[in-house]
Amino acid sequence: MERMNRKQEILDHGYIEMVECMGSDERIIEAARMSTQAGFKGWPGDERLLSYLWRNQHSSPFEMCEAVFEIKAPIFVARQWMRHRTQSYNEASARYTELCTEDYLPTVERLLNVDTENKQAQGTGAELGAWDAEVFRRDMAQQYENAGLLYGEMLEAGVPKELARCVLPVARYTVFRAKANLLNWLKFVRLRADSHAQYEIRVYADALEDMLAEKFPRTLALFREHG
Amino acid sequence: MERMNRKQEILDHGYIEMVECMGSDERIIEAARMSTQAGFKGWPGDERLLSYLWRNQHSSPFEMCEAVFEIKAPIFVARQWMRHRTQSYNEASARYTELCTEDYLPTVERLLNVDTENKQAQGTGAELGAWDAEVFRRDMAQQYENAGLLYGEMLEAGVPKELARCVLPVARYTVFRAKANLLNWLKFVRLRADSHAQYEIRVYADALEDMLAEKFPRTLALFREHG
Amino acid sequence: MERMNRKQEILDHGYIEMVECMGSDERIIEAARMSTQAGFKGWPGDERLLSYLWRNQHSSPFEMCEAVFEIKAPIFVARQWMRHRTQSYNEASARYTELCTEDYLPTVERLLNVDTENKQAQGTGAELGAWDAEVFRRDMAQQYENAGLLYGEMLEAGVPKELARCVLPVARYTVFRAKANLLNWLKFVRLRADSHAQYEIRVYADALEDMLAEKFPRTLALFREHG
Amino acid sequence: MERMNRKQEILDHGYIEMVECMGSDERIIEAARMSTQAGFKGWPGDERLLSYLWRNQHSSPFEMCEAVFEIKAPIFVARQWMRHRTQSYNEASARYTELCTEDYLPTVERLLNVDTENKQAQGTGAELGAWDAEVFRRDMAQQYENAGLLYGEMLEAGVPKELARCVLPVARYTVFRAKANLLNWLKFVRLRADSHAQYEIRVYADALEDMLAEKFPRTLALFREHG
């Protein structure tokens, strides 16, 4: 089984990489044809069936494909991600190992331009100037640095990792692998690549969608057309 | 991605075939090392870690592997099988297609020798002679034939498939694909290859276990030693 | 905890009964308000929020309610039902106990009037007259009776239940309990009360929907309006 | 349906409360008896069956009971908790609402006495004196206070909640509701009330187990005796 090396940098210190993938558009047709005891007949003829399956929510054939990704993301992004309970996870443990040393620091542009359509998630409406944003950015960086220093001191002095980590910010990066079937990955993308999702998870979902599109081009074309 | 052709005949008309498989013993180690940010280091050194994971029920790394099987089995076997809700299924539909034409007919030996250790599932204790078994076997075959004939007549006369199938016996064969992760396949094998399981599903579970052992030899060795 | 006695007869020998139920429309609001740290404020004011949740697919609050049903249905209906893997099941075992003695016999009207909109599931188009339907109905009943007699003889002679059942038709009734959260019950109803679903499962799904409507009137009103 | 008010304070600012509960030891027997078409017969006679079910891992009857808890816990505890994917969750959202204002501050005793049996999770072995512990505790409190002040300033200046929260520590409290069936709650307790689990989640698991014991006394007695 080939090892894919597709890996994409995300945010200031993160990445997403497709580790492994099983199945194909053809396999989806094969699985669907179980119901009528036929197999895959060939493209473009079977595109009609694939389209019919997708548009009529005959979802079980899309469960026959599977993909594993490795993700480095801020803890608050990982928290949103892992609310998807149909994925299997393996994550770095802050009890057994020192966490990543990087924290996510939003750019000034991100602090200024609230790009989400989600009104509820926007700021209070007060005007935030470029200079304010720059100052807050420096304050955030300082706060992260202090947290990291205290974490290091505590570890050195013998405080257990599981307690020393208390002071680390939710912007601290973590690394995990996530595995799901194609149907559930597409549900993830639908929710997390949506304009109402937070920008910091949307960039991962967008990259993930592109990687799926390389392996399942016909299914992703249907997903992008019909949602 | 290679297509495996491993297929094994089961019972009088059934089979099990591994359609596709993802992951390996190495991948399990890689996933486990997410918690300490290291990767696969090599056999036999990492066998210690694999054994530790298995014996201490650190189960999430074993979820990172996946396998799809195609199965032809009697409906009553499929019914037991699909109680395992952690698998994804695609099955022949008796609404849209005529069902298989074969029915499972137990051998005389099977009728005589109740091989299960499960006392509850055994017969009433009345003595069943070889001659009786032979007679019942012929009666069963006759009953199956009558059911098949009536089914065919109804279809020909225009009765919908979804109603005509009412008369078919639960011994009628069906075909389906089932997909699960390695951890859940091993839970399936533990339950269904057990001496208390019905013989007719045990033969499928045994074959499935052998196929997994080819792809995940070290994990299956641990499964067979420690359960 | 009160025991509800709502039970409804279905088909010729089946029934559905709500055994137990947890939660309410109010509890859904409470769960949704976790995200903003408020609680239930009162109807009709909170109907706006309930409607917003439903229409925008904020589904997790609807998972906080749960219901258990007991169902007596033909095996082929139980087979369709149990494809819903988000429900928990407990079913009569044909290995340990003799099965129900009743089989589902479609009415002449059902044999004549293919009521489903699902073209694929209909008959071949040959004209089936009332007299033919009546004859087939008698043939089916005879086939059922023969199956039941052979089953009884085999049990008496000492054939294990798990083998004797081979000859029973998929129209034989079985009994089971099914439990799911409200969100998954509504997904079940959406699929199985649909005009494309087989009539024999639709009648159960319709009754189930009515029982849910008594316990969750506001949620079911939204479900019925918006789907 | 009664509303239970059982609520227990946990750690310095947390709590756990049973919100709602469905089923009983009797219901488990009823569900198990589906397989033989009998019902609940009465205690103490049926204790034998309950014990048989538990010891032989006939787990599906225990899935027929359900419980909802509301939990206030530090984010790092919530992260461990939500790795249990068989529970349904509703949680306070840091995008839509300001988070709790409290952070978890370990006691000096906790910093000094590594109470876990899990060697991997312990400190480096350096000797940590009471005075050091007291100093670190003050440093942690100071770090928390700085984080809270910066968070408040950013919100006031118009930075979106979803970005301002970046600086908050993983010790910050969050509130959520979690719902699972009895079988899955017991799996949670087995893992999280274990001596190898982190103290900060163990105290919640212990309290949860006690609350379950009030509602399902016979099942919990079996759980405590046989694991």
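For this structure, a couple of remarks:
Going in written order, the chains are labelled A, B, C and D, and every chain counts its residues from 1.
Methods note: a residue touches a chain if its C-beta (ideal position, glycine included) is under 8 Å from a C-beta of that chain, and two chains touch if they have at least 3 such contacts.
Everything numeric here is computed off the predicted structure, so don't read it as measured data.
Shared contact partners of subunit A and subunit D are absent; no chain touches both. The distance from the centre of subunit A to the centre of subunit C, with each centre set as the mean of the Cα atoms, comes to 37 Å. Mean C-alpha positions place subunit B and subunit C at a centre distance of 26 Å. Touching of two or more other chains is recorded for residues 89, 96 of subunit A. Interface note: chains touch in the pairs A-B, A-D, B-C, C-D. Here subunit C touches subunit D in the complex through residues 1-2, 20-24, 27, 31-32, 34-37, 60-61, 63-64, 66, 68, 70, 88-93, 96-97, 175-177, 179, 181, going by the rule given at the top.
The touching residues of subunit C, when paired with subunit B in their complex, are 74-76, 79, 82-83, 85-86, 89, 94-96, 103-106, 110-111, 114, 116, 118, 120-128, 132, 136, 139-140, 143-144, 146-147, 150, 153-163, 165-172, 198, 200.
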